[in-house]
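Each in structure tokens, the structures are laid out below.
Two complexes follow with subunit A in common, the first pairing it with subunit B and the second with subunit C.
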Partner chain A sequence: MTQVFASTLVLASLYALVGVGYVLIYRASRVLSLAQGDLMMFGGYALFAASATLAVPPLVAIGLALGASFAAGLAIYVVLMRRMAGHPVFAAVLVTVSVGILLRVVVVLAYTDEIRHPAAAMAIANPPIALPGGAAVSTIDALTVGAAALVLTALYVFLRGSRLGIRMRAAGERPLLAAQRGIDFRGVFALSWALASLTGGIAGMLYATNVRLEPGAGVIGLRAFAVVLVGGLDSLGGVLPAALLVAAVEVLTVRYGNPLLADVSPFACLLVMLLLRPWGIAGTREELDRV
Partner chain B sequence: MAVVDTWPRRLALGVLLAALAMLPRVASPLVIEVVSQAALAAIGALALHLLTGMAGQVSLGHAGFLAAGAFSVGILAESGWTSPLVSLPAAAVVGALLGTAVGMPSLRLKGLYLALGTLAMHYVVLYAGGEYQARWGLNTGISVPPLAVGSLRLRTSAEWYYALVGAAALATAACLNLSRSRVGRAWIAIRDREVAAASLGIAVARYKLSAFVASAVVTSLAGALWAYQRSFVSVEAFGFGVTVEYIAMIVIGGMGSVLGAVVGAAFVTLLPYAIDAAVAAARGAGGAEYYLFPLKFGAFGVLMAVFLVAEPDGLVGIWRRARNWVVLWPLRYRPLAPLR
Partner chain C sequence: MRLSMIFACAVLLCCSAAPAATAAEPYRLGLSAAITGPAAGTYAPTFDAYKAYFKRLNDAGGINGHLVEILYEDDRGEPSRAAATAKKFAEGVSAIVVASTSATYKPFMTESETDKVPLIFGGGVCPKEAFPPAQPLVFCSTSFGAQWDSRFAVPFIKREAGGRKVKVGFVAQNIPISQSEMEFAEKLARESGLESIPVVVVPGGSADLTPFAAKLKEAGADWVLSWAPWPLEIGVFEALSRIGWNGSYLLYAHQQAQADLTRLKAPNLYAFGGNALFTENLPIHQQIRDAVKGQTAHPADYMAEGWVSAMAIEQALRQCGWPCGKDKLAQALTTVTVDTKGLRGGPIEWSADNHYRKSTYYKIYRWDPAKNAITSVGDWTRLEVK
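Here is the complex of A and B:
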């Protein structure tokens, strides 16, 4: 039983880290980024590149990879997404799909599609930690939970307290008004892409060190996106409860049902949510006027 | 055939049909195979055009509908019903049911939310297919016997070529005529502005649902043909990437245009072969196989992004501009009434 709780918490942390990125971008530009999973995978490969190819010490490698993730998000906005302003939202969503494809291609060209293990490259041991009640999680599992807690708290403080955070919220709410008040909304959009890429990258690094790294790792991102919808696309506060809910359903299905079913369980949650409460646990209803 | 209204158009159509009919006599097996694939892709793209291009309902679950059709054929074949007279209608019925199921939320949901619902449907269909494969010990896939009605059998690639090109031509004609019908105009009105369509007396809910059903039936039939042609069905063949490919077809071809769907399907199908040929010509043989796959995938991604950012009207938009330039020369501006 403790094991179920522990696994749920770890999976939920991973989902929350990836999911926050979707929400950040959606709030800023009303675009759903389908590249989030691939940005996550990219973060993992950045870590692998720094530790295996550049052969720098692990802490430096992590720093470099964080920088690369941040820069990747920024570059995607500046090169592609900025031009999609004024186009239909769906076209912008499709552009993020091709961004995901390109990220995967870059990774395959650089490192082939073999499975990689950044943990081995960094010579990090990942010993299990015993929990009371006979459960066990790996060290990086515990780190994932810590990182998710840290990132969510930091984002909360940043968006609530800091000047820039308040500007981000303003630009997300009413871009036109925000621009008239002198807020550089392009800068805000760029920042939200960079932050989304950063949180996705953190999730990717943790997952890659813990499990493995392959170009198809972005699938987790697609599942995380069920989480975001359950929580409400435009609600950062909804991400955590939704992540816990979806992760719990998934962990329980693996334990008591079958693994095939567990793969689709996030999407089943999504369908149920769409039927009952399409705007999610904590989202706003604004853009959902009915026929 | 009021769709083909002027003599140059009739002439062009005649030439095109004659060329398509003559092709298997002169072309290499590879060319025949590629054109057949393009024709099959065109049927799927036309189905997506009905839903997204005409009725304006975004779907991220196209591969799910294809898989549903293919699996209907596979599962029926596995249970002893190999005749297409049974399995094609069955695939159509499955498509219609699935289309209704997915279309229902469209009465409540819009835009991105609807897209997410169709995406979820895709994964549910794949799960059902995977579960079937696992339960009956068919982990690698289900094999399907060749398509045969009475003494008529489709075996060689030339026979398949005629069947698929014929089906694609039929689908194209049907789509063209549909856009002129009451239903088609209702769909277009809903796409352009839902509130206005409703106030003109169009039953928005009914027509949205009918768009989903029509698209799902055609896609499911395309999936059934796919299963017969490959004589093999497996969940791995219907990933999210397939959906992206079909969306890319109608985007690259030109959203909202029948010609665009067909041209886009041909373009996206031919692209990998064109890259193969280009690489082979540039490097001679061998050596670069390893880079080929990412290269094709990458070219596809770049093209989709370029078209979305720079040319939202797609290949058809480029063609129209070029044609207008030629037609209007030496004048520079269009007449006030737009050229069709």
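Here is the complex of A and C:
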């Protein structure tokens, strides 16, 4: 049972790291970014590029990859999404789909379809850590949980306590009032894209170092999308309980149910939530119409 | 008089042009591979191996004075694309070569049967139609085959157990051929007195393999056998390692085996397969390295499957002579005996009713920490395919 709990926590942390990106962008700009999974994959490849191609020390590689993830989000907003202002949201969503496809093509051209292993490139060991009850997690599993806790806490503090964070919330919650107060919308949107890309990138780096890296790794983003819909698309607070719920259902399905249903379990959770509470665990009821 | 002169000139022109046209006419084959898509990591290197092999062959003048023209199509491992490709190939080629996922096989089989075109599987798992009694037009050179690999793997585990009571777990991907092979292996294990754990079937797209690994660990598996696409085979082993499992793991050595055995340096990971790893540094390995240099983005040690298949095709074309139609080539394929020059444990021999091989050979490799290198566990083991 301890192993079930540990596996759930690790998987939930991964989903939470990817999921907050969806919420950050949606809250700020009301755009549903379907490139979030591919931004996660991009973070993994950025780490691999830094460690294998540039052959820099691991800490430098991690720093470069974090920078590349942040810059990618910023660039996507500046080059593409900014131009979508005034267009239907549907068109903006399609642009994010295209961005995802483009990112996949770029990594295939650069690194082919082969599976890559940044941990090997950085010569990082990933030994298991024994837990009570005979359970164990890998070192990077533990780091994933730590990273998720850190990112969620930092975002909470940033959005609640910092001037910029309050502006971001204001722009998301009361756009008209915020505009009248002179809040720089473009800056807020750019920051939300950069932060979303960064959190996705962190998830990608951890996953790639722990498991493997391949162009299709972004498919995890689809499951995280189910997580944020379960939590409430406009609610950062809903991400964590939803991630825990979806991950628990997935892990329990493998352990005690039919493992073949594990793949669809996040979407089964989503269906149940849509039937019972369509706006999610902590989402706003009015957001439903907009989606 | 003038008319007869023109006629004579025309006849002369035709006569002189005819042999030139024949000489320029190539052997034409269709090759469908999963060059892109989710399975590309496995099949794109095989595609590159075919390209490099036939480029080298054509640079040397071709076969029987004719070049070999390969029409390439990317089926992405998707049945719908495979169906379109099969139709496209059926009319204009002497044989269709398939290096793709088993999901694409059905459309090729249907088209092969309809248009009586020989079908050669090289790189993807061998279909049962190639095993004795084989269907007349289906051939397979791939090193791995259902129902045979487990006949080697399970006795190996029993031998390694050395009389100790061991529990064996089995890992399959949720594709029919992988599942049925592991169910077959479980049955063999039970029959040979090993204690077995029910097969753990893993969905191909699983992001986190830890829950599947935990299931095996908690069931008390001392050994785990996996026969599935490489990412899943190795992924479950790595997930088991991450949760501190110390048992022994046996998997089929697909093309990525050498790279991952070297990366993981795990002495409890055993890879069994039909191809000699390039760590053996045989002359043929050097030939392949030289031939693919600059031709592919993949490592040379990923090329063995495609290379062996191309060797078999070359020999069939040589035996077919010229002209070489579908029927004649199908006949020639049943007489193929390829000296694999050490890439395999022995030759590939096809006959009228056996299009897999008369004998199949296996070798096991693992990481040896003392030598800090990959070493083989024993020599080739031969199984007769009846």
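Here is the rule we go by: the second predicted complex is superposed on the first by the 286 of 291 C-alpha atoms of A that agree within 3 Å, B and C clash if a C-alpha of one lies under 4 Å from a C-alpha of the other, contacts with A are read in each partner's own complex, and residues count from 1 in each chain.
Following the convention adopted for this analysis, a residue touches a chain if its C-beta (ideal position, glycine included) is under 8 Å from a C-beta of that chain, and two chains touch if they have at least 3 such contacts.
Since this is a predicted model, take the numbers as computed values, not measurements.
Asks: Once chain A of both complexes is superposed, is A:Val108 in touch with subunit B (first), subunit C (second), both, or neither?
Replies: After superposing on A, A:Val108 lies in contact with both subunit B and subunit C.
Asks: Touching A:Ala91 in the superposition: subunit B (first), subunit C (second), both, neither?
Replies: Touch status of A:Ala91: first partner only.
Asks: Name the contact category of A:Leu32: first (subunit B only), second (subunit C only), both, or neither.
Replies: first
Asks: Just to be sure I read the superposition right, which of the two partners does A:Ala75 touch: subunit B = first, subunit C = second, or both, or neither?
Replies: A:Ala75: touches no partner chain.
Asks: By the touch definition at the top of the document, which applies to A:Leu164: first (subunit B), second (subunit C), both, or neither?
Replies: neither
Asks: Please indicate which partner A:Ala52 is in contact with in the superposed arrangement: first for subunit B, second for subunit C, both, or neither.
Replies: A:Ala52 contacts neither subunit B nor subunit C.
Asks: Applying the touch criterion given at the start, work out whether A:Arg212 contacts subunit B, subunit C, both or neither, answering first, second, both or neither.
Replies: Touch partner of A:Arg212: subunit C, not subunit B.
Asks: Counting only touches as set out at the top, which of subunit B and subunit C does A:Leu260 meet: first, second, both, neither?
Replies: both
Asks: In the superposed arrangement, which partner chain does A:Arg83 touch: subunit B (first), subunit C (second), both, or neither?
Replies: So A:Arg83 only meets subunit B here.
Asks: Residue overlap on subunit A between the subunit B contact set and the subunit C contact set?
Replies: In subunit A, positions 108, 112, 260, 263 sit in both the subunit B and subunit C interfaces.
Asks: What residues of subunit A sit close enough to touch subunit B in their complex?
Replies: The contact residues of subunit A facing subunit B are 32, 80, 83-84, 87, 89-95, 97-99, 101-102, 104-105, 108-109, 112, 222, 225-226, 229, 233, 260-261, 263-264, 267-268, 270-271, 274-275, 278, 287-291.
Asks: For the complex, which residues does subunit B have touching subunit A?
Replies: Within the complex, subunit B contacts subunit A at residues 58, 105, 107-113, 115-117, 119-121, 123-124, 126-127, 130-131, 134, 194, 198, 204-205, 208, 240, 244, 247-248, 251, 290-291, 293-295, 297-298, 300-302, 304-305, 308-309, 312.
Asks: Enumerate the contact residues on subunit C facing subunit A in the complex.
Replies: Against subunit A, subunit C makes touches at 36, 38, 40-41, 44, 174, 200-203, 205-212, 214-215, 217-218, 231, 235, 238-239, 241-244, 256, 263, 297-298.
Asks: In their complex, what parts of subunit A are in touch with subunit C?
Replies: Residues of subunit A touching subunit C: 3-4, 7, 10-11, 14, 108, 112-115, 117, 120, 126, 128, 130, 135-138, 141, 207, 210-212, 214, 216, 219-220, 223, 250-251, 254-255, 259-260, 262-263.
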